[in-house]
């Protein structure tokens, strides 16, 4: 539990829990000993959302906690309308706290005639009136540069790597199934002081849908921790688990931040034999029916709560991580 | 069928049909003899949408036709992503054509601590990169002022009133069930040269949910055309039909622009006896199962097609209506 | 008299009285026990205005009170220059308080090739550097959406309707002469628990200047309160008074917010017989020579003063009205 | 007379004459053989202006000619509303042509707590929607930097200096009564190949209103051309004429761009003996009753017309002056 | 040599060569058969740059070619001033063509309290007035999302990989020394149909400056093509060459886009034995004294020239690459 | 030494010293008894700068002191990157303090086809994220209007003129070598109560590089103080010194704000005989080797320190000068 020091500048902390982050917001509320503020959320028959705050936020320091998990577009729009509502009620400062950012993978034009939707989302948040934002493990660090407002981009890296450090596993290798995640995989390996390997998938021939999967680096006789940022259906992670096993790996662990787990993720993850443990977080709310036996869910609530507190009090966030 | 005069300024017309307006776009395409341009629309498992244009729009005059009907948030986001995509592909000019604008009823703060979501939607369209917009029968004319980009706000008023004029009904009165629609009701009555009446609903007592409905003006022995802009469940229109009947009206007609018709609209409209005809338009695509026997659907395609043509050629749109 | 609680955030309240609102500003100053701040206003021979503040507003919470009444353009420009001056003197926060907003009736394009001047005025206020605004009874609630900065749009509705409630009139009907005001008229009627009627004017024939005026609803044998937002020459209100009298009404009352009363308003209002009382407010300063015997002028100063206080202290404004 | 080459890019030239520049606009219209476009300008009883264009400007290259002469604020607002109107009618390009810019002398903070109104005016023009501007002899060249849109800042320097060159005066000296105009005075002198002198006014003592006027440089036995940019009441120019005469000057000439000539300018200028000639331009419309016998009014119409033509055709304006 | 089709929209192509790209611009000029436009560039004694165009660009389609190579800040400022100059001369469209973008590696906050300078550079280019940009091989694709204006981000990938394909090397492996480049390395390997390996550097201990370098994947007995985007001193590439050699590699090739080659790059590259060939491009101008014997410099001029042509004519750029 | 009153609003003062103003920042730090905050500044081999703050500035009131002296572009970019860094670290308020502004002389288009680089610099500072700025003796007061953010433009006028007042010189005349500085020269003369003269340089003939220099006004037998704002090579000041001496002046003094003193300024200034004293300030850091014997350097540190203090505390700056 944190102790709140004297307030200043932007009035008092106000916490609002969006539809997608009710449980997380409750945990943060408890961490901060600040109650969640009430509001009515109406969904009209034409699907249009309507919001009415129970009390005034005039001059206060407001934090709106809303993950951009499915239903993605509805949740995004709810967040934007809430920001507009807070702005027009003259909030002192509005921080959009979205522990998971949708559209983060649409962050570049790797082919012609496609959008950069993540920049669009950033612009929408700014034009709605947010003064700051807070998020966790962006798909690419560069997305922070899509915003011109300041923000706190937090990471579950310390939380997840510390968890594995405490397990004190012997003879481990870190592997990643997405080469875009290579650098972050390296950081994980370096933190644990273990080697690194890669799973590379490649299409065979122009037209073919067959893909050859190879392991680059040495996994034989080792436990493998497969790290990633976001898991949807779990397909590529499960493929990777199989190929490292075929290459002689022993136990396999999964570690990732955002547990979207859309169908058939639960089936897929259950189907892979010998996955010792699946370590993830609650940036996206995981309904009870998706809690697998070997799943460990670390909470980002203390992290977000502490950063909200420091942001409110004008204290360093970097210090939290001895940075 | 329109004849296309020589192009200039913004390259050639490119028409894109969004998910919500496939049929309407096809009609417009036929009106203009301009084929719809192709694109891939992918919906990933995390619901994120992805777009890839089949051909380049570099320097062209692009019209994206997409109504904001349900699924509202998905359709809105699809439109915004498409605009971003067109902008980043260096379109010469991008016109967002949304025959029905969602959130248009959230256009003012008639109580404290609520949003003005229609302004938010306007800002989102602008920040995505649209250069112009085109829409039909905004809930309030003032919403045009929410945009700083120019736009063509068209009306079905001429189409609908001319339809009733041609019916040559005798002894008619125009009535409206929404006092916010009073002025437009008056224009309808003036065009037909007939009297005007109002249906007023009022809550009885502070707490009670009972509402007294009264008719202001004279409907006895007359046919009544109930006019409105948008029909969701049809509840208030059906209530109004009942009360004017109770006050001695003969035949009842419904006339409105946007046929959202969300459940239980079809049941409600079917249940009202003696509704002679329901006249509406295709600004929102009406699926076949909602086509009631007494329903007449006027197409806005020639209107939109002609205005797109004039916008492209730099000719007056007002002249279309002798204005 | 209000008691000021401890200051925070934006320094101290500074009140500036623009040329058009000297008297109102004085009343607000007294309500708040905050003196008006001094400044020199010079009008050069080329009509250009020049302003010099007597003291610094650096870091302070400034409220500039200036109605946009005639001379409209000069008063508007004075307000804008003052805002620029306050901004460049590094005010902590600038609130433009204009109890009456000019150009509010130019809020939509109801015909082609016309401006939306109210949006232009909103943009001018924002580009000049105002952080917030405060106004009373906008012609259309949607105009609040023309601003992207937050604002407090107050209403004289409670003040005016309470006044009539206290008169305890029997057998009354509310009527409005402008169908665009129908919904607000309904609210008035609902508050008083009395019926509603409308005066409708309609041109006869395309070319003719003759207009037929009819009363929709029942006024016979009743006292009629004619409600509106803004009165210029009073012509349409006086016409409405005559027609309801011809339809059997007894006493007639006028109730409106903004008393522009441009010539020949005084003559016109004096000429209508049997107007029992004219109830209005001082959002626009009414010179003594326009104070008619039957005129009651309610002051908006306590309302504006209280809202300034609450805005300054970061307290709810909605609570003022039990909202 | 100019010959129009083939149009391109922004459609056709459309000329609109604002209230303040009816005559100048007519001359420009004749120069270009392009008729003035029609519009209705209504001034309501509350002074609010309303504009309705007679024909569409969709996609056209529009030039709005409106000097910011008195009534300054009304004329400025008329220009801004017209720009909004043109923008919302989808003009291809809007150029605000204001041969005289008001508030140009409020271009810096030479004391604390004052505005920079010229920047405000520039921002207002941009926010209204102008794409370009055209003006003549800005009080300070730096004001061009107040705009972020491109513009053509023309000068009457060539016109006025050529006029004096053609007079072939002997033994002349250029003098200026405003030290802020010193550099432009030097350019005038250099063009004519004659010496330069200055009239300096200085307050005597802190409180006193007495001013000592001295001549710096040699004027004895010479004809003096007093040059300036803008003349209001003519007071300082007439003072300067007197002091150079006292210092032995012979004939005195006045040369300035903007003839505001507000009362008592005509009386003052008439009262100075021996002013041989007053040479000015029609950037501000000079009513017949202010045409003094010794006044020569050069027209800027051919200059503005030619620049409009070149701007329209995408040809160099600098070449006009061999630059 | 390209043939120019008929112009439209933005007038004619105007090419300007910035100080940093004189040779490349000349090649592009020859490719397009469009002469370079002249301008004076003065560097005052206070280092301030001043630009004067020889001819007008009014309404023309301007391409300014200027790499952001050292002297970086001077070249960047020269580009920005040039853009301002072109904007204020009313260019029809301004495209900033910078084949190499400085500060692209400062694209995210991978530690607290650091800037994202690449976003700053993007904003500077936009605020200066560029309408579009064109660049080559951005350090991270996401940087395209830092711009809100559209741009063409080209790649030397096809040029470089085709070059190696044509060499028809046997038994090759692609390796990369920067894990952030892993995905692009994979694309290279996939194009050539060869395996992939990684060189990983890791600090040993918290304080130590010793780094352990390991090879992940198999390079023994193979030729290795080390690929990267930008080479400064060449240190990390030379280190990688040594380590793959120690791990049994045969010939080593270097392939990279941007040849910054700052001291002691030439010495370092010369010192590595058995580097068979260094293949790079002229996005950064390589002075003759840095042309090493084993260096092959491919020109991006035909690529940029062709894209400029297609951008000008409103034709697809993607088609160039069968995309 | 100043006493700091209680803080409010923007947290605590944080002072950062940029590379170009290390000494000045130290003096300001001492004046305010606020230590300089630490940061790492790395210059990579590709010249790119990188900044890392030692501690958090979250919510604090930050002043970044950095003159835009040579190396101009590097120092400007360092300032912009620092501002971006401070913004992204969520500073409460960022004030860019640049005692000397580069590119201030590029403040207008006095010929066609040239930039207004000073506006560009102002825009760059704003887009980087500065909330306010502070500078000294802008080349033209109008440049303050290039900024839309508020700023404090201070002047050394009081400091320099008081210095000369205290010298109590008899029989003095103020002269200026730049007619653009005429008005400020007049203010200097008025403050000292002495006459004014001008040195005018004029080109002879169109092509010739010969210039005729004349003195306007009377300097014979008088001491002359030559005043200017910025001295680069000192050439024009030294020329002016010679010509006033040739016209009979006695002692010559130089007084100017910004001592750029680029080569061969030191040689030039040393070469002019009889220059009694050179009075300047440390807005630009003057290295010891440029301290000439007759040079007096007044420090702007107390002025900047006091204004920082007042800006921080929300107190008037104008009062400092009894304004």
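A, B, C, D, E and F label the chains in the order they appear, each numbered from 1.
In this section, a contact is a pair of C-beta atoms (placed from the backbone, for glycine too) under 8 Å apart; a residue touches a chain by one contact, two chains touch by 3 or more.
Predicted model only: the values in this text are computed from it and were never measured.
Path length between subunit A and subunit F in the touching-chain graph (shortest route): 1.
Among the remaining chains, those touching subunit B as well as subunit F are A, C, D, E.
Relative to subunit E, the chain whose mean Cα position lies farthest away is C.
Each chain gets a centre from the mean of its Cα atoms; the one farthest from the centre of subunit A is D. Subunit D and subunit E have centres, each the mean of its CA atoms, that are 49 Å apart.
Separating the centre of subunit C from that of subunit E, both taken as means of CA atoms, is a distance of 61 Å. Annotation: 33 Å between the Cα-based centres of subunit A and subunit E. Residues of subunit D in contact with at least two other chains: 9, 55-56, 88-89, 109, 111-113, 116, 119, 123, 144, 148, 316-318. Arrangement of the chains shown, judged by which pairs touch: an irregular graph that fits none of the line, ring, star or complete shapes.
All chain pairs that count as touching, in label order, are A-B, A-C, A-E, A-F, B-C, B-D, B-E, C-D, C-F, D-E, D-F, E-F.
Taken in their complex, subunit D has these residues touching subunit C: 44-57, 70-74, 76-77, 80-82, 84-85, 88-89, 102-103, 105-106, 109, 111-117, 119-120, 123-124, 126-128, 230, 232-233, 260, 262-263. Against subunit B, the residues of subunit C that register as touching in their complex are 107-113, 116, 118-119, 123, 140-146, 148, 153, 179-180, 182-183, 185-186, 189-190, 195-198, 200, 202-203, 214, 216-217, 316-318, 321, 323.
Of all residues in subunit E, those touching subunit D in their complex are 9-11, 55-56, 58-60, 87-90, 92, 129.
Subunit C makes touch with subunit A in their complex at residues 8-9, 132, 144, 148, 150-152, 310-311, 313-319.
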